[in-house]
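Take a look at these structures.
Presented sequentially are two complexes of chain A, the first with chain B as partner and the second with chain C.
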Partner chain A sequence: MTRAPDLASSYDLVVVGGGPAGLAAAALAARAGVSTVLFDENPGIGGQIYRGITSTPIKDRAVLGEDYWAGTALAAEATASGATIVNGATVWSLDPSRQVGVAIAGQVRMIQAQRVIVATGSLERPFPIPGWTLPGVMTAGAAQTVLKAQGLVPGGRTLLAGCGPLLWLLAAQLLRAGAAIEAILETTPRGNWLRALPHLPDFLLSPYWSKGLALLREVKGKVPVIPIERLAARGEDRLQEVDYVSHGKEHRRRADLLLLHQGVVPNVNLANAAGAVHRWNERQLCFEPVLDVDFTSTVSGIAVAGDGAGIAGGTAAAERGRLAAIAAVRALKPAVSVPDPQSVRQRLQREELGRGFLDTLYRPADAFRLPEGETIACRCEEVTSGQIRGMAAIGCEGPNQMKAFLRCGMGPCQGRLCGLTVTELIAAERRTRPGEVGYYRLRPPVKPITLAELASLPISEAERKAVER
Partner chain B sequence: MARTADVIVIGGGLHGCSTALHLALRGLKTIVVEKDYAGRHASGVNAGGVRQLARDIAEIPLSISSMAIWEHIEELVGDDCGFASHGTVLVAESEVEFAGFRARVDDLRLKGFTHEELIGEAELRRLVPAVSDYCPGGIVSRRDGAADPFRTTQAFRKRAIEKGAQVLEGVAVTAIARAGGGWRVETSDGPIEAPRVVNAAGAWADRIAAMLGEPVPLEVIAPMLMVTSRLPAFIEPVVILRGRKLSFKQLDNGTVVIGGGHRARPLRDQNRTVLDWGKLAVSARTVWELFPVMRAATIVRAWAGIEARMPDEIPVVGPSVTSEGVYHQFGFSAHGFQLGPGAGAMMAELIATGATNVPIDGLGIGRFAARP
Partner chain C sequence: MFKRLGETGSAITIEIDGKAVRAQSGDTVAAAMLAAGIEHCRTTPVSGASRAPYCLMGVCFECLVTIDGVGSRQGCLVPVRDGMRIETQQGKREAGR
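So, the complex of A and B:
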């Protein structure tokens, strides 16, 4: 186990995140002789997609599927590469001069990097429906985390609701592991099929379509799928019932567990806090960093790879990690030979081919992104959608002013659970585009640290004197 | 055609908005020109301390006049600005420091100021039970308090507009020139002409002063702050230190704001700052020692607001010495929030009547004029 005092004060390359992008990047760079450290927040490497790849108690390969076990090779490659891999390491700060703040087992260090590859992946898109804060309502991703890490399967009356390729994957994984899912409440708007049609030819060329079709068949063979237009969770102290509208008719079902999912969006917090410019992606309905062909951001020496650069899936993430690492090696050690980026780019393009279809088909409906009235938008500070709409209507033009007026986005999650909702609500009320409204200016620490941890940062005598004038 | 006004106020921070409100209340047509939005920088993100305590003698009269406005702030702006008065306590960390405090309070009494009161160990513990037991005493200013900085700035902005001032946001000043007997201010939204101009441009005030032919030595600074997650209520007054840099207050919602003057690196032209975690760690250690109850607290966010510091750490307030019709109101050197309401009232009085009852000797820009 690497501890904070074992770290050097500087590395050629700091990789943040141990998912496919981070593992591929660290492996390639370390093998080229670049001094590389990979910080990963979880107890083991793998990220979300390959969570628990070296430790999961689920040994039946069919449960999590062959795409999951593809992570084994990536993990082995990184482990053998010579990169220093530190698990349980939370990166909480990154600044434009590439100082990386990291917390490991209660100790904090500032590490200077020549290059940084941010591979912090994606987050589940907020799914703000009435009652989504009740115990018994959780994200499908959280259920998948527990399944992969602990092998636990939900019991009781379980409903899945939402849309997106990962919803079907999780349904299949849960069913194979023995979970009883009573129904899937499908939120994909019917009109999306027509809009997605022009993207179908590309999709048919991508690796996704045959896998996707097989998954759909598998799940639909076992669980009723109900198309819905509205959704609400009800209960006193915990979830008791789920209300939904299907084909214009209202329904109510008893439920113990409601798993929500409507796609994933880039986790932009670290790159945003470092000052990287982000832009609105209208097709994926999220912000993404502005990047060059090597995935370098607008901040010199800081790259963003993987789903954090825009959602494209695990295989694409690894290729993006390699491209960012090749650029880093070329900048740091021009004499060392690296793989030809052109061939990596070709593989990446093939992986990205199916996105147009998936993004258009699974674009979540307004009803599930733009909540109203008493529905909570910011969970940390308990700010309702109605409050945000009201403030926008009387002139609050952006999320940063909204923070100051309502405290939304100022809790410990740093806007991860409300950022997109707040931006889209302001845009809707002010009849403008989310790109015009912008996103929260995020302040470090992007993950909370304790006062005791910060106090543990070694301070040189000179520094102490300099600040105690 | 240039827009015209009686007064152009450059800068939409608390000071600019306060001056605009008080000018509007006196019936003067006022236009505020703000390059970002009101309260975007230090005015909106400072520590919120409303403090008369531990001020330079030259600004105490202005501070006291401002306090009188703070105590009736809702009557002026229609919002309580989150102002709560639980006093400010300056804690002595050693007997030597305490002796110095005693000398300061005695000196202030001789000059007629009674707002600072020396307190011994017992009263310190009563006011701040959580403070570490090595501290021998301190000074309290009982009428002091704290307010919500962004809300305050917005309240002044809103009321100024209601009273007839115009606030142009996202509009930058590009040049200033004499025009007739007054001034022509070129902006990104067209020219504006007025006989009088107020320079309340904060960290950018040196550029405005230079355009007006009156350069000043201004340092751009970015004092850092951090805030914790919610804790059970354990402290009412604002606590400050002098030997080590610290300001410390718990808000009504339970979060604790930690500041005190350690500085980030300002990037003035990018509207950004780069935090210095080495110095924030020094703050964390100071809090660790002073308030053991805080050790497990979680730091949720750290930030810095860009503002101006003058070499002598007191502001530039009053008329220009070289140009008629020009007034300065900047350089508050990390303690301007409390002064905002009073400085605006004083400035409006000065502009409207040619004189003010608040002594501002020692704060004039003339102290930086090049000596022959």
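So, the complex of A and C:
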């Protein structure tokens, strides 16, 4: 296993994140002779979509599905490419001069990169309902993670709630693994179907059409699907009951586990902290980095590939990683031949074809993005939606000012679980657009490091003398 | 809340709040706690409310625990090791103490 002292002080290319984009990028660049290191904070490569791809205890291929096992080739390609792949490596800093701060097993190094590809992927959109902080309420992605990596399935009364392709995929995977799901509480607003219709022709041409339909059929044959307009988790110290409103009528069910999901959004923290300009994507309701055709950000030499560049799914992520890597190789080693980017772009376009339909159909309802009253918006600092709305109403103009007033976004998650909610709440109260309100200004360290880790940085003689004088 | 589909790795023993707990190699700390039926991993610094792992992918920071004496580590990112000592965190801030 690579330790911090084993690393070189500089690499041609540093890739951050070992999901499809990072694996594809590292493989292509390393094979072209570019000195490449890939850092990933998880125990194994694969990212979230291919979580546990080299180690999963789920051997029956039908359970996770063939789309999951497509990750095997990608992982093998990266492993054999000559790239240095380091797991358990947390990148906590990236600056505009492409100095990368990484912590591995309690030791820190600063690595200089000629090019950086940020492939930090996506995270599940905040789902701020009453009681979403109770033990027993988790994300759908969390249940999928322990299924893939550890072979764990829900044991008690389990409800899934929300909308989006991942919710259906998880339901199918859990059922195939033999787990029981009591019901799926479906939050897709009915009006979305009509709005999504104009995008249907493109969707029919995309690979997601037939897969999606088969998945819906598989799940709906086995689990009741209940359309809902409101949702709340209740309980003392843990989830006990789930309240929901369906067709205007209130219902209550006992539950041990509530799995929430309403789509995924780019994980912007590292690129934002590096100074990359981000903009609001109204169709996907999230911030995404401003990128050129090679996925280079507004910071020279730093590219963002994969779902971190805007949500398009795992297969598209790999193609985006390849395009970013081709650009890096061309800049670093102009004499080396690389794959034709045009053919990669064509494959990417085909993958992206269905997004308009999926984004419009599964656009989460306002009721599940714009909470009210006592519902917690910032989980870390326990700031309520009512507090944020109140501050916005008396003149607080943006999320960074809101931090100073309420401490929202200042806890350990650094705004990952509240940033979009806070921006959208301010925009709603001030009757403006989220793009005008902006997002948290993030700064390194984007992941916590200890003083002992910082103190482990190698110090040169000149640096030591500068302090001693 | 969660159960194992089967024996997935070699059995190891970790210690959670002083009690021996069986885990499997390949577990993360958070996964081992879920599989062992331990429902809370910490209480919050603000209100003292109980929290448990939420995202299991390193972004929510709900699974913070003390591992081998180092506090506020993300349990979902740390693989278990035989003999590992894990403590749940009692978090409420007490100003002036």
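In this text, the second predicted complex is superposed on the first by the 466 of 469 C-alpha atoms of A that agree within 3 Å, B and C clash if a C-alpha of one lies under 4 Å from a C-alpha of the other, contacts with A are read in each partner's own complex, and residues count from 1 in each chain.
Definition applied: a residue touches a chain if its C-beta (ideal position, glycine included) is under 8 Å from a C-beta of that chain, and two chains touch if they have at least 3 such contacts.
Everything numeric here is computed off the predicted structure, so don't read it as measured data.
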| item | value |
| --- | --- |
| Partner chain in contact with A:238 - chain B first, chain C second, else both or neither | second |
| Most chain A residues touched (candidates chain B, chain C) | C |
| Touching partner for A:450 - first (chain B), second (chain C), both, neither | both |
| Which superposed partner A:33 touches (first chain B, second chain C, both, neither) | neither |
| Touched partner set for A:257, first chain B, second chain C, both or neither | second |
| Touched partner set for A:341, first chain B, second chain C, both or neither | neither |
| Partner chain in contact with A:411 - chain B first, chain C second, else both or neither | both |
| Which superposed partner A:135 touches (first chain B, second chain C, both, neither) | second |
| Partner chain in contact with A:207 - chain B first, chain C second, else both or neither | neither |
| Chain B versus chain C as contact partner of A:97, first or second or both or neither | first |
| Residues of chain A that lie at the interface with chain B and also at the interface with chain C | 411-412, 448, 450 |
| Interface residues, chain B side, partner chain A - complex | 37, 39, 44, 150-151, 154, 228-229, 243-245, 253, 262, 270, 272, 274-275, 277-282, 284-285, 287-288, 294-303 |
| Residue ranges of chain C in contact with chain A within the complex | 1-6, 8-9, 24, 26-28, 31, 34-35, 39-40, 44, 46-47, 49-62, 64, 70, 72, 76-77, 79 |
| In the complex, chain A residues that touch chain B | 93, 95-97, 99, 101, 108, 110, 275, 397, 401, 404-405, 407, 410-412, 414, 443-445, 448-452, 454-457, 459-460, 463-464, 467-468 |
| Chain A residues within the chain C interface of the complex | 41-43, 48, 55, 57-58, 88, 90, 123-124, 133, 135-139, 141-142, 145-146, 149-156, 177-178, 237-238, 256-257, 267, 379-382, 411-413, 416-417, 448, 450 |
